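The structure under discussion is supplied below as C-alpha cells; questions concerning it will follow.
Read from first to last, the chains carry the letters A, B, C and D; within each, the first residue is number 1.
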Amino acid sequence: MTMLPTEFADLEPFAPKWCLPSEPGRYAMRLSSSMDEMYEFYEAIHPRAAAAISHLERFDLYGLPEDATNLLHLLYSMIMVSFPVEAWGQPRVPDTGSASFDCFTEPAP
Amino acid sequence: MARFPKPPEGSWTEHYPALGTGPVSYEDSTSPEFYERERRAIFKRTWLNVGRVEELPRSGSYFTKEIAAANASVVVVRGKDGEVRAFHNICRHRGNKLVWNDYPLEETRGTCRQFQCKYHGWRYDLEGALNFVQQESEFFDLDKDAYGLLPVHCDVWAGFIFVNFAPEAEQPLTEFLGPMVTDLEGYPFDEMTARFGYRTNIAANWKLFMDAFQEFYHAPVLHAKQSPQKYSAMAQQAGFEAPHYRIEGPHRLVSTSGVRFWEMDSELVKPMEITTRSGLFGPWDEVDLGEMPKGVNPAHCDPWGLDSFQVFPNFVILLWSQGWYLTYHYWPTSHHTHVFEGNVYFLPATNARERIAQEMAAVTFKEFALQDANTLEATQMGIESGYVDRFLLNDQEVLCRHLHKEVADWIAAYESVPEVPRP
Amino acid sequence: MTRLLPAQFADLEPYAQTWCRRTEAERWAVRAASSMQELADFYDAAFPRLEAAIEYCDEHPLDALPDDVGRLVELVHSVVMVSMAVEIFGQPKTVDSADAVLHRVREPRP
Amino acid sequence: MTQWPKPPEGSWTEHYPALGTGTVCFDDSVSPEFYELEREAIFKRAWLNVGRVEDLPRIGSCFTKEITIANASVILVRGADDEVRAFHNICRHRGNRLVWSDDPHQETGGVYRQFTCKYHGWRYDLQGACTFVQQEDEFFDLDKSSCGLAPVHCDIWNGFIFVNLDARPRQGLREFLGPMITGLDGYPFEKMTEHYDFVAENNSNWKLFADAFQEYYHVPSLHPQQVPPAVRDPGAGFTCAHFQCDGPHRLVSTAGTRRWALPEECMYPIERVTRSGLVGPWETPDVGALPDGVNPGKVDPWGISNFQVFPNLEILVYAGWYILYRYWPTSPRSHRFEATLGFHPARTVRQRVEHEVASVVFKEFALQDAGMLGGTQAALETGVLHEFPLSDQEILVRHFHKVVADWVGAYRREGIGAVG
C-alpha cells in the first residue's frame, strides 16, 4: 500500500514514519530520532521539495487527495528536521534543556 | 555609532526623561510580596486581552480562561444576540467551577446551548441568566433572577476581547489603549484566521520574559546559530539597532528595519529558507493586505521589518512587514512562574506553496521562542540569588526600563489611594 | 507455554497473562493503560464465562484455592474492574474524575 | 419518585429553626485563618475516631495516626492487659518520633513487644511505661517511672476507637456522641471484619468533601452513570426520606432500592451476573434484628442511614455491610480522605466477588466527587462570591457549617474571656 503520489514513490520509505498530521507529532518524532535518521530523510526529500511543492500547488489546498495530503505532511516534517540538520547538529534546540513550547492549534491542512 | 537617527536629546531613553538612565533593580521580579501587590494594583484593575472574536464564531461558542494573577477563572461566551460576554466561572449554588472538561483546573472551549453545573445540574443560559434549578421547590425564597452568573467587564476592540476585574473599570477600553494602539484599527486581523497556537509554562517572572521580546539587543548573540555562520558573524559585528521607539501611556512600541533575505547571497541564508521561500521574518513572497492603517509603521521606516506593540500589562501584538502577525500573552502564576502563549496568524493559504511557507515561519518562530524561554529561567535563577542587585540597561533596552517603571507606578498609584474596602 | 488457568477455562488463557493480577492497584493500572478495544475484547470473551467461573471456583474452599483457581478468581476480579469501563463509562478512566486518585491500601485475599 | 412526608413545619430545615433558611457562606473552606481556628476549636477538642478495634487484633498490635491539623502523631496500642491505649508518638528523652518505619511522616503499624527509640535506644512497654534507659547511670536523678509515654485520652464505642487531644476533655465519649449516634449500639460492626481500605490526598477543604457525601441532591447530575442510559431520567431529582440533627451530629436515611427486583434494563450486566453493585451485595448473611437507632425515621422500605459524627467521621450503614469515611485536614485546601468498606468475611468465591463489585463501584463514584471538588475549591478561592443558597435536601450541609462555626465561635469567646 502506498501513501504518496506515484511521482514521489522514491520517498515512500520515509512516509510511514514522517507523514504526521500534527506539529506535536512531528516535534516528538524529531526529538526521538537520531541525527543519522534525520540526515537520511533530509538528504532524500530536500532535492525533491521543489517538485513536490509544484505538484501540490495544482490542487485546491482545502480539497487535497489523500496521497497529496500525505506529501504535504511529509514536507512539514522536512521543515521540522531542517533545523537539526541545517542549524543545530542535534535534535533539540541547543541550550533549551528545561524549555518547552507546545503547539495546541494549527491550520488544517 | 548610530545607523539610525536618535532623538534630539541624544538617546531614546533621554527622550523620555522620567525613565532616567541609571542602573535598575529586578527585585520586582523576584519578590513574592511584590507579586501580590501587582495582582491587586494591575491584574485585578486593568484591561486584559483574553482572545479574539474568531475564537467565538457563533452563538454558544465559549472558552474559559484561567487568570491566576487575578485569582479568577472566566468563561467568555457569544450569546444568542451575538454579543460577547464574560462571567466568573462559578456556579451560584455551591460555588463549584461551572465550565470545565476532564480537569477542572485546565482551560476548555467548545459550543453549547447553555451551561450546566456538573454538581447539581443548575443551568444558565448564554447570557448568564439562571434558567433551571433542580428541585427548585426544595429551596427557600429562591429568586432565580438574583442568581445569574456573575458578570466580568468585557469589551472588544478590533476583534480582541478584553476583560477587566475591577468593580468599575477606571477607563473605557479604547481610552485605556490610547491612539498609538487604536490607530491599528483597520489592520485586517479579522481576515487572518490561519492560526498556529503555542503555550508553555516558564519558570521566570512574566516581566523578564516580556523584556526578552521587547529588545533585540540579544538577537545576534542568543540566536546566532539559527543562521549560517557568515550571516551570524556579520550580524554580531553590526550589533542591533532599532530605528524607532515610542512610549505612550503605559504602552510601548518598537519598529525594526527589514532584511531582504531574498536579495541576499545564498551563503547567507539556509537551504530550507530558499526552498520554502520563508523564514524568521515570514514568507518572502508578498501578500496583499490592502492599505495599512496609520498606526502601522508609524515612523515610516524603510525598509520596514516589524512593529512590536507592548500593550500594558501583558499583551503584545507584533506585525511583520511580510503580512502576518504574532500575539504574545504572559500570564503570571507566581512571582517566578508564568504561562506564556504565542499565536501566529496568517491569511488562510490559497495553495500548498503558501501553506508551506507559513509552516516554515511557524517552525522557525518556535525554535527562537525555545531559546528565549530557556535563557529566561537562567536569568530568574541568577537574579533570585540576590548577590547582584543593580543592572545596566542600554538605549536599545529602553522599553524594558519603561515596563518595570510602569509596573511600579501603577502599584504606587493604587496604594496611594486611601485604604477603602477592596474586593 | 505454561497453563495459568484451569483446563475448563482454556479459552480465557490468552487473557490470563495480562489480567490475572493479585491487587486492585494492579488491575486499575492495567485498565488505565489499556485501549477501549483491548478492554472490550477481554470483556466480550470473559463476561459470558463469569457465571461458570464463579461456580467452578466455589467448588473449592475460599481459603485453600489451588493456584490455577486462585488465578481464575483474579481474572474474575479483573472482569469486574473492566466492566466499569465497558458497561458504564465508555472509556478506561472514570468520567469526570479529573486528577483524583483513590488508593486501595488494604483488601482481602484472594 | 416517592415524595416522603416533611415535618409539620413544612421543611426539614425549618424543623430545626436555629439553622435558618438564608444563604450560606463557604469562606470557612478557603480561609487559612479559619483553618487555624479549626485546629484549636475542633480538632484539639472533639473526640476523633482513628480506627476500629479490629485494627488491633491482639496484644502488642499497634498503629500510628498522623493528625496533621492537630500537630499530633498518636500511637494506638493494645496492651498486655488487652486494653487499648493511645500515646503521643514522642520519645521522652530527646523528643524523637518513637514509632515509625522508613519515613517518619508516614503512618505505620504492626505487632510490637515493646517500643524502642531509634535515636538512643530508650524502651517503653505496651502500657507506655519507660522500661529501659541506655546508660542510665549517666543521667542525673532520673526517675524512670515519671518518664512514661505521654498519654492521649482514648475511649471505645461500639468498636470505634476515639482519641481526644484536649488536656481535659469537656465531655466523655458517650456523652459527646449523644443518643442519636449511640442508637447504633448493637449494630454488628464487629462481625463485618472483612475490610477494604482506601486513602486519597484530595485538593479540597475537608468540609467540602464531607458536604458531597451528606447530600444526595447532586447524585442525578454528577453520577448519572449510576443507572444505565436506557433508564436515565434527565429531569431526575432525589428526595431523602429522613433527616435528623442531634447536637453536632447529623443523619440522613434514604429509602431502599431493591435493585434485584427491577427489570433487567435497570441494571448493568455485571450487577445481574454478580448479584451485587452500587448498594452492595443483594443478599447478606442474616444478623438478626437491627437496633432501632439504625433507622430512627422508620423509613420503609429502608435503604441506608448515613451518620455524620462530628467532626470528621461518617458511618454509612446498610443492612448487611457498612462504609466509613474520615476526612483529615492537611491544609486549608487539602485533606487526606480515608474510606473503609466492612463486610461479613466471605465464605465463598461468589461472596468475595460480590464484595469486590461493591468495592469497585464505590471507588468509581467517589472519584467523580473528588475530581470535581478541586474545581469547587479553586472557584471558591476566587473570592468573588460569598452567598450561596442551599435547598432543603442540603440541610445537613447547612448544619455542618453552622456547627463548625459554633465551635469556632465558642473557642473565640473563651479566648477573649481569658484575655479579659
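In the analysis below, a residue touches a chain if its C-beta (ideal position, glycine included) is under 8 Å from a C-beta of that chain, and two chains touch if they have at least 3 such contacts.
Predicted, not measured: the structure shown is a model, and the values here were computed from it.
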Looking at chain pairs A-B and B-C, which one is connected by more C-beta pairs in contact?
A-B
What is the distance in Å between the mean C-alpha positions of subunit A and subunit C?
43
Gap in Å, rounded to a whole number, between the CA centres of subunit B and subunit A
30
Between subunit C and subunit B, distance of the C-alpha-averaged centres to the nearest whole Å:
51
Roughly how far is subunit B from subunit D, centre to centre by C-alpha average, rounded to an integer in Å?
48
Using the touch definition from the top, which residues of subunit D touch two or more other chains?
222, 371-372, 374-375
Set of subunit B residues in contact with two or more other chains
104-105, 118
Every chain pair meeting the contact rule:
A-B, B-C, B-D, C-D
Flag every residue of subunit B that touches subunit A in the complex, lowest number first.
194-203, 225-227, 270-272, 275-276, 340, 342, 346, 348-356, 358-360, 362-364, 366-367, 369-371, 373-375, 377
Which residues of subunit C touch subunit D in the complex?
24, 47, 50-51, 54, 57-58, 60, 62, 65, 73, 76-77, 79-81, 83-84, 87-89, 94-108, 110
Residues of subunit A defined as touching subunit B within the complex
23, 46, 49-50, 53, 56-57, 59, 61, 64, 68, 72, 75-76, 78-80, 82-83, 86-88, 93-107, 109
Enumerate the contact residues on subunit D facing subunit B in the complex.
11, 13, 21-22, 26, 211, 217-218, 220-222, 237-239, 371-372, 374-376, 378-385, 388-393, 397
Which positions of subunit C touch subunit B when the two form their complex?
96, 98-99
